[in-house]
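Some structures are shown below for you to check.
There are two complexes below, and they share chain A, which is joined by chain B in the first and by chain C in the second.
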Partner chain A sequence: MLKTIKPKGWVIFLYLLVPVAAFVFTVFVPLITAFVYSFFEWKGGPNKTFIGLDNYMTLIQDEVFWQSFGHNIYLVVACILGQIGIAFVLVMVINSKLVKFKTIHRTFGFFPSTIAAVCIGLIWNMIYHYQYGIINWFLEKIGRPDLAKVWLNEPDLVMLLVSIPLIWQYIGYYMVIIMSAIASIDTEVFESAEIDGANAFQRAVYIVLPLIKNTMLVCITLCIAGNMKAFDNIYVMTKGGPGTSSMVMAMYGYQISFSQSNMGYGSCISVAIFVLSLIVIGGSQGLLKRIMREKEG
Partner chain B sequence: MANVNTEIKTHKLRDGILSVFLNLVMAVFSLTCIFPLIWMLYSSFKEKRAFNADIIGLPKEPTLTNYIRILTNSDYHLGESMMNSVRTTGLSVLFIVLFGFIVGYILARVKFRGNRLLYVMFLMGMLIPIHSLLVPIYVVFNNAGISNRWFTLLLPYVSFGLPLAIFLVEGYVKGIPIALEEAAAIDGSSFSRTLWTIILPICKPILVTVAIIQVFGNWNEFSFALVLIKDVALQTVPLALTQFKGQFASDYPKQMAAMLITMSPIVILYFAFSKEIIKGMVAGAVKG
Partner chain C sequence: MKKRLVSILLSTAMVAAALSGCGGSGETATTTETKTETKADTAATDATATTDAAASADGAYAGELEIMHYSTSEESQGNGGSDGFRTVLAEWDEAHPDITLTQNVLANAEYKTQIATLAAAGDLPDVFLLQGMNTIEWAKQGLILDLTETIKASPYYADYNTAYFTPFTADDKIYGYPCLTGGTCTVVIYDKQMWKDAGYDAFPSTWDEVEKAAEYFNGQGITTVAFGNGGKWQANSCFLSTLGNRYTGPEWFSSMISKGGASFEDPEFVKALAETQRLFTQTEIFNPDYNAVTNEDAREYYISGDAAAFIGGNWDESYIAATLQESDPEKWANIGFAVLPQPADATVAPDSQNIGLGYAVAINAKLADDPAKLEAAIDLAEYITGPAFSSFVAQNYALGGLTKVADVDLSGFDQITQDFYNWSYVDTTTCEIYDSYINSAVWDILNTDLQDLMNGDKTPEEVAANAQVAYEANY
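Now for the complex of A and B:
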């Protein structure tokens, strides 16, 4: 009966041909390619030698790779605490009746998340700069020029310093997401809680948080996925240095493949990034859902 | 009575202090978000020497030399990069919206063998950590001889943008009453005609959302451009900026001017339509 929903097969085929072909070619073909080349020794030239699992054996013992993986996890944790944590506190503040100019705060706060990570990295390079940076300028103004450093050259500090721009860039983003979730809650809930004498902290933790837990789950997932692929900021700010103190997985894969043109091992690292990211994202999802269900039960 | 009065007074005082404190917190936050932009804006009007002498002060002798030098010196390829970014972003967004609409609609409404398979395939595209494709995509594109061309970046940008677009359109179309298409079919409207003249206008809001998300994402994309584009004349804006970093290592005002020029389309777009943009980005994030 329905001609609309039952168009001719070739019409559908023609409509789907280009997008499906493009998608398969750019997503699945490279995935399979990486998998195949990960079993070869290949320095980018015409010679490829099949070496079985050798690349994977090297990878398991490659301390730099596992250090990079650790740095990705560091970024994930720092950003969940920093971005979502600070964003939640700010939402509690901005939702207070006493705060004015809410729209302006929202617009300004969201702004950094629309800027290219490359720009953000360059701006923070300037902020951290030894001679012309704002931090050292400030230290001099308060009379502590002795504390001034070439900030991004400090191996112990560098991970913290590269996570600050990342955190800063997305606080407003998560703030807006959480705000829109809270806006959909019935305001009566807050009013009755206020009448019952719950203070601001109690209201935030015991009433708001459980009501927006699905949104928080989305935020955490975005945070994890976003930081497993950290690359742009690191590339611009430190290229993984000093040494390998701020190396992340994508940066390491890039260096091995393009600076050392070790494409075989680079492919192996790509497969590892793929698998590890899926494990971390999937695992954390399962864990979070279980925690939430236990809380309910 | 006096007691009640003082109680009200202390209550008011407490509210007053709290109000100052809370407003201050938000003001500081907003300021840190916007400060780098303002700092770059006024510093870009300084000469290098003036900036190095005082990095934070307002320019005493504002000058446009930084902008003039950047825009007139063809070695910097800034104009070209802007054109490349405009073309790449424009075409990518167009194709994502177009294909997202077609595929999203077909997956939502047309029953055919493989419908669910395709849906799952595109859904997987959202779950796949695409940065693991950075190296292999270079290999595949090089072998196929399509890296380092003007259209090279369209393929990854469209492909990576499609899953979210399809997902959003599919969900949206499912909310449209099917009676509409049934009526059109009875009136003798063909599949394509219904698709383009009836469904497309209805889907406009969700397609605008898709476009907003993708404009920002594609304008700012860096890593795949870095891997796939080697020719300076073909580079997009983020690539050009990393070049500047090397060229003007210690000339911050010039770097700032370059950054502001490349950011300007995004910044203007954002502040002109911030409400719609924020709404669109949040909808995309939460539903995706």
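Now for the complex of A and C:
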């Protein structure tokens, strides 16, 4: 940058001070205080008793928490395949020469991710509704009312059913990211591939994917981070039920902290969510990088 | 090119951040409401400052007083308790121009979360509503003021219905003025005409008969009884709390409250759980989606005629009556009330229903340091739970509060309101509301398990054992 228009060091410092201070205050301070509180028995009053690692010992044996962690991992896998996978396929379709009105597709594809998760939850609640829902209505119309179910009350199905709205909502979000990445690929590459006789599938797998792998990595990281803290639309749809069949970690922490007024153990769960998320994100990045290196090598 | 990618990524992130902000707009709305209400209050105070000066002579305190409650203006539409609470609160505010009353009003679900957070932070408002099940813990932590002597010295003491104080009592000390209206948590609302068509003059008094009636109704494609447990608390508050009493009798629950040796694993309580499971999994009485819909959804089945009866609380009754009166006067005139039917193997109190005042006006213990302010807070608490409130709800809604109102004149009310008044306060016996007592951790665990129990995924014994573990660990 030109020296003349480059702001002075203290100006940059001042500009940065506000957002950094806000970030420290809203992220680091709660994180550290939660870590401190996780060593206390703190049941909904100002009195706290130091109990060392007791909360963590409880956590290790807490079946509901580990079940919730399993559900988060389920969501992560479902959403990486569903959100990013479907988004990639859709982008390839929209980018093909046969498709008209590309901007419209893009806009409408992005639309669901602009709706608040609570509304999405309510909309899908109606779709799954036993008496008035469209799924059971359709089953009845095709003469199979025996297949109709109280969808959100099926312990074995409920995780799949709550992940569908989540996947549906964010396809457009990843579509936009992937599209912008593809737009930055030199068109000559595609032209020469076409001349060489590569079909659409080969172009997608052997040309596009390797060229946008860094973006894909960002998408996967965003997706994992987003799903490790999933809360709102599941809360609206099932409140973690039936029983704990669709409980996720953040909701369990919320329930312990506020419904059961056990702030100490709730803090302990928050710390665990943070640590587990870091491990999952770090682990998956390491794994992906290794896979890519092996491919290149 | 790389820059472009970065800029697009950043803008996407910005959009996402801006949108995720939308999710929090509910809270902003609440804050706005609080602010406007404060403003309105101040305005009201200003307006009355000159005219009502005489009224302030008795209160020496001048300054701010903060109250947090959940009678929102939306809630007060048709809900007598909320309407009465807002009315008497406004009256008190007008009569005390020197005191700036700040109201923080949230919807009930948010209120519970926020008050729990404030309690944890040791930062409760001056005056607030205390839920029965928090009394013991908060008293132990020194958050709430012991009001025993104050209550005994209250000018309205003679009129108080003293039984209502029980949930707010710990170690023989009373911590609050029970407020709002005493309403049932378990009432069967049924359509008299539909049951007459099925061959019943009134709603059956035993589950066996309900099961037989279900054969008829299912043949018609109608749900016999609508119930919604999607929020997980309904099965406890609006079903088990009354059904349990039919097996255990009131002594068992008293013993649970006083830690007198009773246990969730006592065979009588397990029987109540087993009966709950049987009714929901082995009979065809209820709507199949009872675990997926809330009470708000389930009562719509009744209103639309898809169900012949509905089980819920007094808040559902006021909604159903108000809705039908407007939309379907004929169906409205056919509303009947009944107690929960008696199970075949239950032996106690066949006409009981759980009724009480779930919240009390409590005062922050910190106010003890400021006697003038404390006096104002006590005056406020006495007023909003006193005869002004009881008369208002008795005259306008035929409901009862903490103070007894002599000779409620029911003749001015429509038949349904009269029926419900008599059903609630005259014709039935009462039992306790489970979750007004003990503590939230125990009920949260039991409520979660109840959903599994009602799906047939957990046995009554497992549910009882889990609840007992939670009880021993938390109470």
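We take it that the second predicted complex is superposed on the first by the 271 of 297 C-alpha atoms of A that agree within 3 Å, B and C clash if a C-alpha of one lies under 4 Å from a C-alpha of the other, contacts with A are read in each partner's own complex, and residues count from 1 in each chain.
Convention: a contact is a pair of C-beta atoms (placed from the backbone, for glycine too) under 8 Å apart; a residue touches a chain by one contact, two chains touch by 3 or more.
Bear in mind the structure is a predicted one, so any value in this text is a computation, not a measurement.
**Student:** By the touch definition at the top of the document, which applies to A:216: first (chain B), second (chain C), both, or neither?
**Tutor:** Neither partner.
**Student:** Look at A:137 in the shared chain and tell me whether it touches chain B only, chain C only, both, or neither; answer first, second, both or neither.
**Tutor:** Touch status of A:137: first partner only.
**Student:** Is A:224 contacted by the first partner chain B, the second partner chain C, both or neither?
**Tutor:** Neither chain B nor chain C is touched by A:224.
**Student:** Compare chain B and chain C by how many residues of chain A each one touches, and report the one with more.
**Tutor:** B
**Student:** In the superposed arrangement, does A:152 touch chain B (first), chain C (second), both or neither?
**Tutor:** A:152 contacts chain C only, not chain B.
**Student:** Does chain B (first) or chain C (second) touch A:116, or do both, or does neither?
**Tutor:** Both chain B and chain C are touched by A:116.
**Student:** Of the two partner chains, chain B (first) and chain C (second), which one does A:31 touch, if any: first, second, both, or neither?
**Tutor:** After superposing on A, A:31 lies in contact with chain B but is clear of chain C.
**Student:** Please indicate which partner A:75 is in contact with in the superposed arrangement: first for chain B, second for chain C, both, or neither.
**Tutor:** neither
**Student:** After superposition on the shared chain, which partner residues are touched by A:176: those of chain B (first), chain C (second), both, or neither?
**Tutor:** both
**Student:** Does the superposition put A:235 against chain B (first), chain C (second), both, or neither?
**Tutor:** first
**Student:** By the touch definition above, which chain A residues appear in both interfaces, chain B in one complex and chain C in the other?
**Tutor:** In the superposed arrangement, which is not itself an observed complex, chain A uses residues 113-114, 116-118, 129, 131, 173, 176-177, 180-181, 215, 218, 232, 258, 263 for both chain B and chain C.
**Student:** For chain C, which residues count as touching chain A in their complex?
**Tutor:** Residues of chain C touching chain A: 1-2, 4-5, 8-9, 12, 15-16, 19, 22-23, 112-113, 116-117, 119-122, 134, 137-138, 140-143, 230-232, 287-289, 291-293, 301, 306, 439-441, 444-445, 448-449, 451-452, 455, 457-458, 474.
**Student:** What does chain A use to touch chain C in their complex?
**Tutor:** Its residues touching chain C are 42-47, 113-114, 116-118, 128-131, 150-153, 155, 173, 176-177, 180-181, 183-184, 215, 218, 232, 238-244, 255, 258-263.
**Student:** State the interface residues of chain A toward chain B in the complex, per the touch definition above.
**Tutor:** Interface residues on chain A, with respect to chain B: 2-9, 11-12, 15-16, 18-20, 22-23, 25-27, 29-31, 33-34, 37, 90, 93-94, 96, 98-101, 104-119, 122-123, 125-127, 129, 131-134, 137, 168, 171-173, 176-177, 180-181, 215, 218, 222, 225, 228-229, 231-232, 235-236, 250, 253-254, 257-258, 263, 266-267, 269-271, 273-274, 277-278, 281.
**Student:** Along chain B, where are the residues that touch chain A in the complex?
**Tutor:** My answer: residues 15, 18-19, 22-23, 25-26, 29-34, 36-37, 39-40, 51-52, 55-56, 99, 102-103, 106, 109-112, 118, 121-122, 125, 127-140, 155-156, 158-160, 162, 178, 181-182, 184-185, 189-192, 194, 216, 219-220, 222-223, 226-227, 237-238, 241-242, 245, 250, 252, 255-256, 259, 262-263, 266, 270-271, 274, 277-278, 281-282, 285-286.
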